[in-house]
Every structure is written in structure tokens, then in C-alpha cells.
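Okay, so subunit A shows up in both of these, paired with subunit B first and subunit C after.
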Partner chain A sequence: MTETESVVIRTVARIAVPFIQVFALYVIVHGALGAGGGFQGGVVFAASFILMIIAFGLPCVRQRVSTRWLMICSVLGITIYAGIGLLCLLPAGNYLEYGAIEAALGIPHLHGYLIDAVEVGIGITVMAVMTSIIYDMADKGGESS
Partner chain B sequence: MTVIDHLPVLLIAIPILASLLILLVGWHDRRFCYPISLITVLSQFGAAIIIFLQVMREGTVAYHLGSWAPPFGIELLIDSFNGFILMVILLLSAATVIYARRSVESEIEPEKTVPFYVLFQLLVTGLVGMTITGDIFNLYVFLEISSIAAYALIASAQKPRAYVASFNYLILGSIAGGFALIGIGNLYVATGTLNMLDLARLLPASYELATVHAAFLFLVIGFSIKAAFFPLHLWLPDAYAESPSAVTVLISTVMSKVSVYALLRIVFSIFTTAYIFTSFPVNDLILFIATVAIIAGAILAIAQDNLKRLLAYSSVSQIGYIMFALGVSNQVALEGGILHILGHALMKGCLFMVAGLIIYRMGTASLKELGGLSKAMPISCAAFALAGASMIGIPPTIGFMSKYYLVLGALEADHWIYAGALLIGSLLAVGYIWRFIEIAYFKDNDHDEGHRQVRAREGPVSMLLPMVVLALLCLFLGIFVEGVMEAVTPAATLLLGGA
Partner chain C sequence: MIWELDFALLLFMIFCAVAAITVRDLLHATIILSAYSLIMAVIWSEMNAVDVAFTEAAVGAGITTVLFIAAIARTGRRSSD
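Up next is the complex of A and B:
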């Protein structure tokens, strides 16, 4: 497929995408401490892919980020979330009771890291699902699965 | 803490993981999807039985997610009412998943079976979540999970009419979801809590607020749409008639029952009888509409030419019976209503399974072409007759028992006319059930459509077995109704604010 937009848009997108993605990671990791979290960060991360689709066209992005890869990401994200939730059952805690793991292992501030891990899981899933929705919406036939 | 203590959350968390596993494994080989789905639903059913026995033995089971105490954290709460509902819906889900395999093979394109089972699993999980949660916003989240899965499942028949049915349901379902959310928001504004028990405790102080009245109306109308309560049933006939047979069985039994459950839970556990009798007296209106629903649904059912549409309109009528109990709101009537939730799930599940099997074998559910069917499919027709007898309310089936309690309850509350209308509804049920029986057993189509008859034979065992079990349950639970009432009576007492 030929270049879809002008050189200005492509150049700006090329510069902006890494910054958007770093910001997304910041929002995800910040979720345990203040405003932010997996949902918001995941959406921001997906926005970087949307910008790439606008600038470089769908096939170009799809070559790098395939639908299959997105599906694996979306499953992986929820598995991280639910897995950590279930992990809390092992040291006799309730579902998602991070404190139980922290108390059992004796590592200080572990529950904060676990919240981060859960947020990362949510972020991965939201990013993958948002991007696959954009794929489906931008798709005009052709490769569909 | 043992595994038993964690069953409420495992009942939701494990099936969600299982649905993801189905998705992953389905890429590798789609033959693995069905066994995973089967094992998951069967173990959910097993867990539901364990939880229910625990509730019967020790009283209400509560589970605090993340160990956050109730008004702040999300609570899973299983009492004698939703423990019973949980067991009913998982029994029906288990029967449906056994039934589904052959039906899916014939109705769903092979490459769509993976998403089908993923959505199927998510639908069941969403409905289980709606049933066991003790947090009203959580109820809304699970409502949306189940609804979105249901829209896609209805459309999975991949016929133009199924797309239209799914889209109609999507629009009405979204309105219903929106109404429920507005209602929940109003309750939150009025009380500052989302926990159901806490709401019930705090609400009496605000009973006269317009916000609370609006919340009540939004919630009742929203869930009435989901439950297809009479004037709001317009999405139902198409959705039931056009979706794949296994989906029809699931949404007609499990999904409609959970919506009714949510409605009863909101009206009785959150607003309590004090509100609906004195502050905002709507139960006479609900009783009237329920009676209209019973009669109108039955009359519309008689007018149908397609077996699945006939049964769909019959559902409109039967939901009316359950809402009738809500309208009467006394102990005996509520016992009848809760018993009818079980009874209707059993008989409608069986009837739709028969309809699905007929489509599986004959490729049509048009009543005109089913003449003399009983010779070709004797077991299915017998199951239909038994479940149909229960639908009409012929003793000693469970359908008779629930209607008996409903009539007793209506008489106790001096609603003589309504009790009479209920009996007329039963007579009309004879009309639509008899239509199929007459065509299947007494009409002979040999001279005009004989070729069709020769090809049809009895269905595979995996489809017959759940159908026959449900039909026999209609009979045996009716005969041994005392055992069932031991579970139903505490549930009705609980709803009316007793211990």
C-alpha cells in the first residue's frame, strides 16, 4: 500500500508514538499511587497504534502487530489479573487480597507491586482489545482474522 | 480457609479463565473447545450444589473480595433465595451445554464454533455473577457481560433475520441497561452506598424522596425489559425464534430467570415490602399488567405458525405468572412464584430442546410441516407432551404446583378476579400446547409432505438425554414438591423480610 498521508503527518507520528507509549506506561504504573491505572494507560497505549494506523495505513501496522498477537495479549492480560487474584487464595487470603501474600512472604510493600502487576495485566488487555476494535473498524475487507 | 470457603469467587473467576482457555485452545484445535466448556459448566453446577447445601445448613454465605468489609468492598452474598436460583440456572446451563454439541455442529459454521463456546461460557458466567453478587453496581457489570455475550450469540445463527433480532435486542437491552444504571446512580445519590444490604438499611430514611421513586421506576422498567415482562417483550419473540437452538434454550431459561431474579431482589431485598405497599404502591398495577401478560402472551402464542415463536410467546405468558407473585406479594404467592421460576425453567428448557431437535432433524419448525411427527420422533414428542402438561398445569406436574400456590396466594389476598384470570391463562395454555400435540400425534401429512416424514428420525442421545431428564424432573419435582418447598419457603420468607 502506498503512503496514505503527507510526510509531515508521518514524521510527527514517528516522533510522537514513543512518547505516547512511555506516557501510557507511566499512567499504568502510576495507578497504584494516584490517578491513572490500567484502563486509562491501556487506552493511551492503543491510541499510539491508532495514530500509526492514521499515518501509515492499516496494512503497515498490521504487519508489525498482528491480530493473533493482539488476541494472545488480551488473554494474557486477564490471565495476569485473575492469576494474581487466585494466587492470593494460597496464603489463606480472600480473592485479590494482596496483603495476604505480603504477610506470607514477608516482603515489605509487596502488595503495591502486586497492584502494579494487576494494572499491567489490565493495561495489556485494554490495549489489545482497543487496537483490535480499531482493526475491525478500519478493515475494508481483506485479512479479517 | 478451605476451597469450600472460596467457592463463590471461584464460581466466577475460574469460568472466565476457562473461557479464555477455550479461545487459546480453539486456535490449536477446535475440537477441544467443547470438552472444556462441558467440564467448566458441570463443575460450576457441582459448586452451586455445594454452596446451596451450605446455605441450607449454615445460613447466608458471604464472601468479601480482597477482604474489604462490605459497605466499601464488593461482596458476594448467597442466601436461601439466590442459592436456589443459582442451582436452577446452573442445572439448566449444564443441560444446555450437553445438548449444545450436536446442535452447534449443525447450526454454526465450523470456524465460528470457537467464539460460540467462548461467548456461551461468558454468558453463563455473567448470569452466575448477577445471581450471587451482593453489590448492585456489580450486578450491572455482570448484566452487561451477559447481555453483550447474548447479543453476539443470537446473531451467531448468521441469518439476516437473526441479525435483525440481535440488533433489536441490542437496542432494547442497551436501553434496559441504561435504565438500570440510572436507577443505580439515583440510589447511590440518595444513600451513598452500593451494597444491597446497606442500601436496604439506609433507604427507609429516603423513602419519600423523588430520587428514590425515580430509581425504583428506572430499575423496575429496566429489568422488566430484560425479563420481557409483557408490554416490554417486543425483542423476545424474534430473539428466541431466530437464534441457534442451544442459545434459545439458554436465554429462554437461564437468562430470563436471572433477570426476574434481579427484579425480585431489587424490589424485595433493596426496597422491601414496606416501600412497595405504602410509600410507592405499585403492586396493584404490577398485578394487573402481569394478568394481562398471562392472557395476552397465551393468545399471541396460539396465533403462531412456528413452534419456536409459539414457545417464545408462551414465555411472555409464563413470565407474567412470576410477576403475578410479585404483584400479590404474600408468602404463599411468592412461594408459587419462586417455584414457577424453577418449573418454568425446566419445562421451557425441555420444550425448546424439542423444538431445536425438530429443527435439527427436519430443518424447519413450521407447525404445518410437522404432521404425524410422533411416529418419527416418539421420545421427543412424549417429552414435549410431559413438559407441555406441566406448562398447562395438569397435576401432579410442577407447573400445577406453582400455579396452585399462586392461586392460593391470590385468594388469600382477596384477589378473586385475578385468581380467575390465572385459571383462564392455564386454559389458554391448553390451546397452544394442544396445537402441537394434535399436529404431532393426530394429523397425518402423508398425502402431501410424506417425503419429509420418512427422513426424520429420533435425535442423537446427547440431545435426547437432557430433554428427557428435564421432562421427568417436571413430573417428579411436582410429585415430591415437599422437598422443593423446603428450599422455596425460606426464600419467600427472606424476600418478605423474615429471617
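Up next is the complex of A and C:
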């Protein structure tokens, strides 16, 4: 995609992308209390990158968000998820049993923070994997269309 | 939960589902499938399943449409049969 889109699309994307990303972070963090969660928030975050690809073209977005960085993010997120899950095994709890780790350390409301951390891990992984899938799909197909 | 609204949405959803598999142009089918997904999300939220509605709206109407359009751009738009 050598030519960029019209100025209207680029301006709207430039204004909308930060709001979409803040909304995605809200969905991830608010997932424990209401609708949403790590998966939905990650998908919404990936949608902001899709909007950037549509508006500014794939090479421009790839310069800012490289595939290497996405791979690191996908591994990091699943490591946070599995690490907290396995951490709950240490005080003789089940996998992802936050109550055990809270009772062992004696910190009140720790399980809420752990749920949020697990959701953030899921969100990071979903965002990275969705964005890399879109990169691979848009790489050769977007050029010829 | 409004009975008449649910019925109308369901009818329109079935219409969209039939149209998506009978239309010849694959790009049209993708857009109709996206509309189907949006109606499905409205029905989910009508039935108080907000979490499922959110997932349907984000994945079904958003990501899947983009993936299908990317796949159409890589292959052909017209169906051969």
C-alpha cells in the first residue's frame, strides 16, 4: 500500500485510536466486575491496530509495532497467566486458586489484584496474536487489491 | 426482554444467514455475515448475556470480517461455481 488514505480517514483514525485503546484497557481491568475480560479487551486492542493498518498502511504500522515485539508480547502474556496460576500451587492450592495465595501471604484483597493481573496477561497475548494474524493476512493480500 | 423485538431480530437474522450463503459475490457475503453477527450481538444483549454479546460484536463483526476481506483480497472475489 504505497498511497495513503484520504485525510478524513487518517484524521479520524488518529483521533479514534487512543480512545479505542483506553476503552480496551478499561474492558480488561473491568472484566472481573462486569462485562468484558482479557479476551474481549485484547480483541478491541487489536481492532485499534487494524484501524491503524487501514488508515496508514501496513508498513507504517509495522515500523512502530514490529513482529518481534508482538512475539515477545504473546509469550509475556501467557507467561503472566501461567506463572500466577502456578504460583497458586505453592501454598498447596489448586491451579489459579487465588484464595490460597491470599491466605498464605495475609494481604487483604490480593485475589482481586491477581485476577486483574491474569486478565492483563490474557489481554496482552490475545492482542499480540490477533495483530500478528492480521499482519500475516494483510501482508500479501493488501498489496494487490 | 421484548418478545416482538426478539422475533423481528430473529427473522432478520435468519434472512441474513440465508442471504449470506446464497449471494454470488463473496465480498457481499462477508458484509452480510457481518450484519448477521451484529444482529446476533443485539439478540445476545437482549437475552441479558452481555459478555457473549461483547465477544460476538468484537470477534464476529470486527475481526472475522477483516480476516475474510483479507482472504478475499488474496484470492478471488467471484465464486467459480
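Some observations on this one:
Quick note on the criterion: the second predicted complex is superposed on the first by the 137 of 145 C-alpha atoms of A that agree within 3 Å, B and C clash if a C-alpha of one lies under 4 Å from a C-alpha of the other, contacts with A are read in each partner's own complex, and residues count from 1 in each chain.
Heads up, the rule we're going with is that a contact is a pair of C-beta atoms (placed from the backbone, for glycine too) under 8 Å apart; a residue touches a chain by one contact, two chains touch by 3 or more.
Note that the structure is a prediction, hence the values are computed from the model and not measured.
Touch criterion not met for A:Ala13: it reaches neither subunit B nor subunit C.
In the superposition on chain A, A:Ile50 makes contact with subunit C only, not with subunit B. When the two structures are aligned on the shared chain, A:Cys73 is found in touch with neither subunit B nor subunit C. Of the two partner chains, subunit B is the only one touched by A:Leu96; subunit C is not. Touch criterion not met for A:Met127: it reaches neither subunit B nor subunit C. Judged by the document's definition of touching, no subunit A residue lies at the interface with subunit B and also at the interface with subunit C.
The residues of subunit A lying in touch with subunit C in their complex are 27, 34-37, 39-40, 43-44, 46-47, 50, 130, 133-134, 137-138, 140-142, 144-145.
Residues 68, 71-72, 75, 78-79, 82, 85-86, 88-89, 92-100 of subunit A are the ones that touch subunit B when the two sit in their complex.
Against subunit A, the residues of subunit B that register as touching in their complex are 1, 6, 9, 13, 16-17, 20, 23-24, 27, 63-67. Subunit C makes touch with subunit A in their complex at residues 50-51, 53-55, 58-59, 62-63, 66-67, 70-74.
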